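In the two assemblies presented below, chain A is common to both, partnered first by chain B and then by chain C.
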Partner chain A sequence: MTLRPFRLAVLGLSLLIPAALCAVVLFLILYSGPAMIFNGLHFLTQVNWNLGDLYDDPVVVRGIQVPAGANYGILVFVVGTLASSAIAILIAVPLAMGAAIFLAEIIPPRIRPVLSMLVELIAVVPSVVFGLWGIAVLIPFIGSHLSPDGNGYGLLAASIVLALMITPIIASTLLDALMQVPRENRESAFALGATHFEVVGKVMLPMVRPTLIGGIVLALGRALGETMAVLMVSGGGVNILPTSLFSPISTIASFVAGQLDSAEADPTNMSVRALAEIALVLFIITLLVNAAAKLLTSGALHVRKRA
Partner chain B sequence: MKMMSFLRAGAAALAITAMAGLPAAQADTTAVPLIESGSSLLYPLFNIWVAAYGATHPGADITTTSTGSGAGIAQAIKGLVNIGASDAYMSDAMMKKNPGMLNIPLAISSQAVNYNLPGVTGLKLSGPILAGIYSGKITKWNDPAIAQANPGVSLPDHVIIPIHRLDGSGDTFIFTQYLSESDPQWGSTIKYGTAVSWPAVSGALGAKGNSGMLAAAKANPYSIAYIGISFASQAAEAGLGQAALLNKAGNYLLPTPETIGAAAQSVADHTPPDERISMIFADGPQSYPIVNYEYAIVNSHQPAAAIAAAVRDFLTWAITEGNSPQYLNKVHFLPLPSAVVELSKAQIAKIQ
Partner chain C sequence: MSASALNAPRSALETRRLITSRIGWVLCGIGLALVIAPLLDIVAVVAWRGLSAFSPHLFTENTTGPNGGLLNAIEGTLLITIFAMVIAVPLGVGAGIHLSEYGKNRLGSAIRFMSDTLTGTPSIILGYFSYIVLIIGFGWGFSLAAAAITIAILIVPYLARITELALQQVPNSMREAAYALGAGDAAVIFKVVLPAASSGVLTGALLALAISVGETAPLIYTAGWSNYGWDGRFTHEPVAYLTYVIWTFIDQPDAKSHALAFAAAFLVMLVVLAINIGVRLTLRRRDHG
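Presenting the complex of A and B:
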């Protein structure tokens, strides 16, 4: 392979993205190093998060300067993140599948572009708008109709707002895939006497399954990392694990955004390092989710091939 | 070769722009751009100030942003902004690490404790009661401790929803300082700060910003929240009650210009030269217990003499003309007592 200027330029550009990713991870690991030593594995299993007394003299624990009384446990936020994203996916997937199948199969082709564009438009609405809608409409509704104690803020509100944000992502990827199912497969199924339901359920959906899972993973990525909308409607539960759909929660991303300002006033800088460690945990969770999805899609393909 | 000539052309262009820029900067020293960032509570006042200051000082160029007190302090230390706005003064440890920083009071603010209790008005609360509510020891509105402080008021048998700030906040700082000063147990365990480790209370809510506190208190009957005084009008419109709080002398007081001023006056006399002092739970029979200085956090060593002069001019204007009621009344702040104005002036003179 000769290294011509064009090849070199493209190679350099293509290496920039993985290099940036590696730089971010490396930075997070190096920066949060002292926090990892201070926290150990308790970081993931403890419920109590305490920045410590930032107005008192710092103390030295295990050779590391920390604010007196500091204790960093993030179990509440990990649970909040996973629970809200999981419920959001549970709500969003049926909605998105219904919308995509409707747009691909039922709707007259002439108005399909208009409606599919509308679905895609929802995907670009800024998250703070969803948050405001949540505060103005969703929370009073949950508070007066669903919640036993009249409080609308919490896990359910966060999940519904997240579901609305990710439904168009899943729907538009699925729609694109459905539109690409070869006409022959569809029409052969009809010719064999399959009903419309059977054509969609038994011929088209199995063909687009990898794309559907890919869309869900994309959506999950957005849900796990969403900050502002969640911060506005989640009720910000700290130091207490959620017990019901109506419990206040915090997610990793929203908590980091909320705490950063106070953490900056920490003379030992340990609070910011602990927040960097949380960010690293979020990164690992997202990575695991993506890896699991990759396994799932390849597994699904194998099953089909054997059958 | 091509590269070299290109570089040379660029260097020449830079030199020309630098030469063109220099005489202009020397001719007009007031045209130094200043950046202010920090406290969201001070932000509305800074907006009013900058507009008024710009009208009388042509050439003044001040940018204000609302980021949060902690960010204001951190950015002022790093030199990213000229003036950091903060509701809380810097801690001893932070001062030791950054000895060149100044904490200059600009005005006096306070905080209300608001409640959403259908059919109940004129509620009286104390630090220990609030500490009990926020730590989960007092869970119902008809708790004996609350009933004892409010004889003759029929209190509902309903669970209390305490609302706290989710983001780092000067309001959390002064509220938890009141609890720390008045309730020994809170003072020895949870202490105070712009964010504290809120005890696990089932149903307790966190909200973002004063506007979020207001929205959450409005949406949740039987809730209680601490909200900056600049939001007093909106809180009243939302139908929230304002609690009378127990002060050090044992009187229940509402936040009024008289009670806030009394607290400021009682602290003014023993404010140290570096002006880092808490006004919480101040002495005096008429002193409202949650009052604070709003600070400008400034590095005494500015990068250039012109910048230092611009900062001095603006801050001096802020604590003199800027402290007149026409500006402060809009945000329910009070002017600095005259003794404190002198201390602030002495600190401003240190900016070089």
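Presenting the complex of A and C:
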């Protein structure tokens, strides 16, 4: 076997990708190590996030220097993340399904590409622009029409913005799958006397269900990690669990993004380490969700081919 | 329809099915409208308020509070994007070459999986990783180098997968012909396969460019913010960027800050949408041509 320098070179380049991923995980673990020891499992179950007294002398707990009175609990952010993503999915799935079905079945093929491109374009609008629109349009609307106390920032605003951002993922996946349903299956259903809508609902949708679920899980992964738009419209709730749709919340991602100043101010660096631990939690959650999406979609392809 | 064509009265069941179907279609149509309407509203609101904030001094003055322009932010976004692309394009295209040409094995699948995992990782995590390693560990401080490297980590896996897809479109007979003429691996790739797939690779690079112009979260912890233009240093010198203006200035109480935020959002959205629409239209023309 001769040495092939070009192949080795591109292999080296491609190995940088796993290397980067491993470096991210490794450094987050190493750096958050002292925070893990200090926080223990309470990290996930406590409501209170308190940086402690940053100007007093640090105290030593379990061999680790921390600001006096510091306590790091992320339950609020975990709940905020799960709640906003779950509501976003609840809003996005029916909208995306309706949009995809209408595009696939009713919209004439001549103008379908234009409309499906519009749907795809939603996915490329930067997160921060969604946030800006949320502040300029959505928040005043919620504040004056829905919210009991006139404040539009909170769980509902975050969920709606998230829903808008993830709808195109679900709609595009479903549209692609619907377009691939074999003609024979549709025509058999029509021949049995089904209405057009029954053909879609009782024949086509069951065939593409695995793909649809894969798309929904993929969208969930995106919603869980979404940062800027949520940071801008969520109201930044800390230390209190959300009680209604209008409660201010923080998600894990938005909280990390908003904590730069306090991280910089901590002389013991313990808050930076605790934030690294949060980032690690978020990484694990999104990794699991994305892996699930991958398994579901790859399985779905096999089912469809056999059908 | 079929029932009336036969001139027979509809049964109650038939009527119910037809009504259900009608309602179903209406709901689906409403769904499509509700999906597309916000996009149109976002474009309209940002374009309207952004354009009404436009003036020549946006491009000639630095951001000094609400009265300034956007010169330093525009310059910073350009610099971050250019240096991120300079780092990421060779790495991403090289990785894509490996995955497409020599990656049909276990190792290739593993790299593909890790690459997709990295793409699915929330960008704030990458930013925080860079903060720990580059800002604190290496002591670079908020800087252009840290920002560009972070964006590069974000777009390399993306470039790799798009390059792989593009190279896969090149027929194997072209590779075999080149090898038969005595070309080596590098010559086959650079003289035959890459030129044949150049438009696909270029598409990927453009989409990656759009991503890096629109990103915010990974820059918060890496670029910092500066009221001044770039002084030529790669480390120990924070840089301004457009998306920072959007998310911080909209929180200021005064209308002038809001106007700057919308002007910045308009510029970012213009670049991102122009690239994405252009790429999609070109692809479609080629598919139909």
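What to note about this one:
Methods note: the second predicted complex is superposed on the first by the 266 of 307 C-alpha atoms of A that agree within 3 Å, B and C clash if a C-alpha of one lies under 4 Å from a C-alpha of the other, contacts with A are read in each partner's own complex, and residues count from 1 in each chain.
The rule is short, and it goes like this: a residue touches a chain if its C-beta (ideal position, glycine included) is under 8 Å from a C-beta of that chain, and two chains touch if they have at least 3 such contacts.
Since the structure is predicted, the reported quantities are computational estimates derived from the model, not experimental observations.
With the two structures aligned on chain A, chain B clashes with chain C. Once chain A of one complex is fitted onto chain A of the other, the partner contacts of A:W49 are limited to chain B, with no touch recorded for chain C.
Of the two partner chains, chain C is the only one that A:L21 touches; chain B does not reach it. When both complexes are overlaid on chain A, the residue A:A279 reaches chain C alone and has no touch with chain B.
By the document's definition of touching, neither partner reaches A:L296: not chain B, not chain C.
Of the two partner chains, chain B and chain C are each touched by A:L231. By the document's definition of touching, neither partner reaches A:V203: not chain B, not chain C. Judged by the touch definition given at the top, the superposed model places A:F102 against chain C, while chain B stays out of reach. In the superposition on chain A, A:S262 makes contact with chain B only, not with chain C.
After superposition on the shared chain, chain A has more residues touched by C, the comparison being chain B against chain C. Touch criterion not met for A:V181: it reaches neither chain B nor chain C. Taking chain A as the common frame, chain C overlaps chain B at a single listed stretch, which among 41-49, 149-157 or 221-229 is 221-229.
Applying the stated touch rule to the two superposed structures, the overlap between the chain B and chain C interfaces on chain A comprises residues 135, 231-232, 257, 260. Residues of chain A that touch chain C in their complex: 4, 6-7, 9-11, 13-18, 20-21, 23-24, 27-28, 31, 94-99, 101-103, 106-107, 113, 115, 117-122, 124-133, 135-137, 164, 167-168, 171, 193, 195-198, 201, 221, 224-228, 231-232, 253, 256-257, 260, 269, 272, 275-276, 279, 282-283, 286-287, 290-291, 294. On chain B, the positions that touch chain A within their shared complex are 67-71, 73-74, 88, 90-94, 96-97, 159, 161, 164, 166-169, 191-208, 212, 215-216, 219-222. Of all residues in chain C, those touching chain A in their complex are 2, 17-18, 20-22, 24-25, 27-32, 34-36, 38-42, 45-46, 49, 90-91, 94-99, 101-103, 110-111, 113-118, 120-129, 131-133, 136-137, 153, 156-157, 160, 184-186, 189, 210, 213-217, 220-221, 243, 246-247, 250, 261-262, 265, 268-269, 272-273, 276-277, 280, 284.
Listed in rising order, the residues of chain A touching chain B in the complex are 47-51, 53-58, 69, 71, 135, 139-140, 143, 149-153, 231-232, 235-240, 243, 247-248, 250, 257-265, 267-268.
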